[in-house]
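These are the structures, in structure tokens.
One chain, chain A, links the two complexes that follow: it is found with chain B in the first and with chain C in the second.
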Partner chain A sequence: MDKLKTIFSSVLGISKESIMPELAPQNCSAWDSLNAIVLVTEIEKAFVIRFKFDEAMAVKNFGDAISLVRSKGGKLDE
Partner chain B sequence: MTIIRPQWRWWSSMQTLRYLELANKYEQQKSNDFPAKISINLVTNFTDVTLRKILVGVCLESNIYPQIYSVPYKQYHFFLNDKNNELYSNKADITFIFFDTNHYITSAFSEDPTHFSETADRVREFCQTQTGQVVFCTFALPYAGPFGNLFEQNNFFSQIQECNRQLSELAKDRKNLFVFDINRLLHSFGEQNARDHRGIYAFDIPFTNDFFSYVASEWLPYIYSLTGKIKKCIVVDLDNTLWGGIVGEVGAKGIALGHEYPGVAFQNFQRALLACYHRGMILAINSRNNPADVDEVFAANPHMILKKEHFAASKINWNDKAQNLLEIANELNIGVDSLVFLDDDPVNRELVKNRLPDVLVPHFTISPEEYVNKLFSLNIFSQFRLTDEDKDKGQMYAAELKRKNVMSSAKSPEEYVAQLGIVIDINLNNAGQIERLAQLTSKTNQFNLTTRRYSESSITEFMSNDMVYAGDVKDKFGDYGITIMAIVKVKEKKAEIDTFLMSCRVMGRGVEKAFLDYIIRELYVMGVDVLVANYIVTAKNLPAKDFYSVMDFTILQNDEWRTDYKLYINDYLNKHKSANEQIKILVNNPI
Partner chain C sequence: MNNSKQFAEIKIGDRAAFKVIVSKNMVDQFAAFSGDTNPLHMDEEYAATTSFKRRVAHGMIGGGLFSKLVGIYLPGKYCLYLSQSLNFKKPIFLETEVEVSGEVVKKTDAFKTLEINTFIRDAQTGESLIEGKALVKLLR
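Presenting the complex of A and B:
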């Protein structure tokens, strides 16, 4: 989980501690459409997975991101 | 679907995240308490928010605080056309222009062949209005498409080739325009790893984040050289860095060096270092060894490419390597921040990193066949331009070591100077030297009486109205190049020294005295009675403080930041009947 949190924290400029499953564009102003793209591309790279466009766009909060990475076989707990 | 992942050897994928993190922190701080900022313009034809952020991070990692203005999305044409906007009025220190055309999607450049020449014209005009530097990236060449292996027959390919050709023509035309070859980067990174196809179609982001990181870090040397921070000296360890094995154990002829692997890899690494030396890098040794063992290698191993004379400083002892590096910087009279240290031993590297964070210490626990690649991937070699003086630097510093040996055997400073056989070749108002003289006024800090920085155009102006003297200094060990200059303004019987400076390379040899003595005698012939001069205090020019007193000027006025001097030329000539004989003056005045 640390890897995923590192990505969110670096890209959005927030502390790792503040990252909860509820973290979403509505409560984090840095999570704008452009950073959403960077999040997707950095997650794909870090976990060596590839999202479909619609899947990536359906991520509405950090919790969704966790499930999506898992469903693609990304190893969150390494 | 399997995806090819860039297992980019020296490119950790975490690096991009690190840049983003730094950029976010910096932008959140908002405060103005950062030291001098470098202002940067970014002009692209795609969504460049990520590139901009990464560039901020890349700068911050090198302790440069950037202020970046990027032209609004897709509006570069309008911004280059209309001169009343921020792109022009920012007067940025540096402007990066990066247009992408690709055969996945159409753009103004690919749709309309005249768009490039139009844009190039705008860029030419833009450069004219700017005092800062402008870096224009070449266009990426497409290697796929409907012609397959016959890609050169592809119109689009030849069109882009033609644009790139015109671009280098344009750069010859404008002194502040530089071409940055994006194809060199694509070549080394691989187009498959650099292109983000989904990004191209969905967000108009044509490259991967890692490629942007690579581009930004390759732009860094340009930004770096604006701050005067340049890497000048490569310091190498010996055992398992310059050759394989430990010479103290296997002997001068037992080390791995020669025609077979791994010796051939070490030998090639030496060739690469030699190429750096010929490009103007200073080389130095920092090794824990017995000096006699190392001498034996230089003397007896026929496979050594690097000879003793290529090294400007050598620390072969059992002291700690950080201390040695300090001494090397001190001996060469360069900043510790201009050193690069290559050592295969992680313990030594960590020690140096901790004690001297300004030294560049790359990871070097790698196989010898990777050494050359690693060396050239350190982005320390890019600069706006290299003058002939720059290229000779490695040689000049190495000659300095020989002079030191003369100095230690000479009985007096006079004997030392006499033994060097110094010759100063003096030029007056030689237009061929303008570039170098402007560089001298901007780089010389220590022996600089007034520290006035002049551009090439100011020097040109001085040459037409006043007298610009330049000295090309050499001695029996080598050439120092143009290292001393003076700007003298003459009004009838009175003359004034506007600028007098000398590069630290020639300090301590009486060159400055002989040079000024020559000028004083010249002024006398011209009918000048009085020469006035001043010393303006800066944080660094203490070595020049007493120069005019030593030359028998009298103090007119004196306060803590400035001293004004005056010299009656007749008095001077009465006291100094003939010129210094230890230093020979040659005069070369083009009319």
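Presenting the complex of A and C:
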């Protein structure tokens, strides 16, 4: 989980401690359309996985990102 | 010539480069439209009193040259520029010939975006002058 939190923290400029499953564009102004693309790009690189457009667009909050990375076989707990 | 490759045709490792002389005229024009008339860029006498000893081109001219790189060559026609980081490693002095280059290092299928490592080097010495990373989206 730490690796995913590190990505969100770095891209969005927020502390890891503030990252909860409910973190979303509605409650984090830095999560804009550009950073949504950057997040997907950085997650793909870090976990060596690839998303389809619909999968990426279905991520509405940090909890969804955890589920998606898990579903793609990303090792969240390394 | 404007490259018109579409997202599916572009591969990781694709490169593009062009050479250009960063001329006095270019610096004067940049100062005119941006309003940045800082004497380090514009005043030979003042610049001679600094550690640089002569006029230095605006670093953001390099940013403009990266715009040409992605808008014309890599990826070219279907480019939408999303972001660009810039690290000014060394000054660019007037009338220096530079090579502007880029290499695709990441493709993100979901959003049709490319991450491109971008460089400006002294064309004669190969010394790195500006480095950065571009994020672009392909419209097709």
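Just so we're on the same page, the second predicted complex is superposed on the first by the 78 of 78 C-alpha atoms of A that agree within 3 Å, B and C clash if a C-alpha of one lies under 4 Å from a C-alpha of the other, contacts with A are read in each partner's own complex, and residues count from 1 in each chain.
As a working rule, a contact is a pair of C-beta atoms (placed from the backbone, for glycine too) under 8 Å apart; a residue touches a chain by one contact, two chains touch by 3 or more.
This one's a predicted model, so the numbers in the text were calculated from it and none came from an experiment.
Student: Look at A:Leu34 in the shared chain and tell me whether it touches chain B only, chain C only, both, or neither; answer first, second, both or neither.
Tutor: both
Student: Tell me which partner A:Ala46 touches in the superposition: chain B (first), chain C (second), both or neither.
Tutor: The answer is first: A:Ala46 touches chain B but not chain C.
Student: State whether A:Leu12 touches chain B only (first), chain C only (second), both chains, or neither.
Tutor: Only chain B; A:Leu12 stays clear of chain C.
Student: For A:Leu4, select first, second, both or neither according to whether it touches chain B, chain C, the two together, or no partner.
Tutor: In the superposition, A:Leu4 contacts neither chain B nor chain C.
Student: Can A:Val59 be said to touch chain B (first), chain C (second), both, or neither?
Tutor: Neither partner.
Student: More residues of chain A are touched by which chain, chain B or chain C?
Tutor: The partner with more contacted residues on chain A is B.
Student: Residue by residue on chain A, keep only those touching chain B in one complex and chain C in the other, then list them.
Tutor: Shared contact residues on chain A (touching chain B in one complex, chain C in the other): 34, 37-38, 41, 45, 50, 53.
Student: Under the stated contact criterion, what part of chain A meets chain C in this complex?
Tutor: Interface residues on the chain A side: 34, 37-38, 40-41, 44-45, 50-53, 55-57.
Student: Which chain C residues qualify as touching chain A in the complex?
Tutor: 82-83, 106, 108-111, 113, 115, 135, 137
Student: Which residues of chain B touch chain A in their complex?
Tutor: Interface residues on chain B, with respect to chain A: 1, 3, 5, 13, 16-18, 20-21, 24-25, 27-28, 47, 49-50, 196, 198-199, 202-203, 205, 208-210.
Student: Inside the complex, what are the residues of chain A that reach chain B?
Tutor: Residues of chain A touching chain B: 6-7, 9-13, 30, 34, 37-38, 41-42, 45-46, 48, 50, 53.
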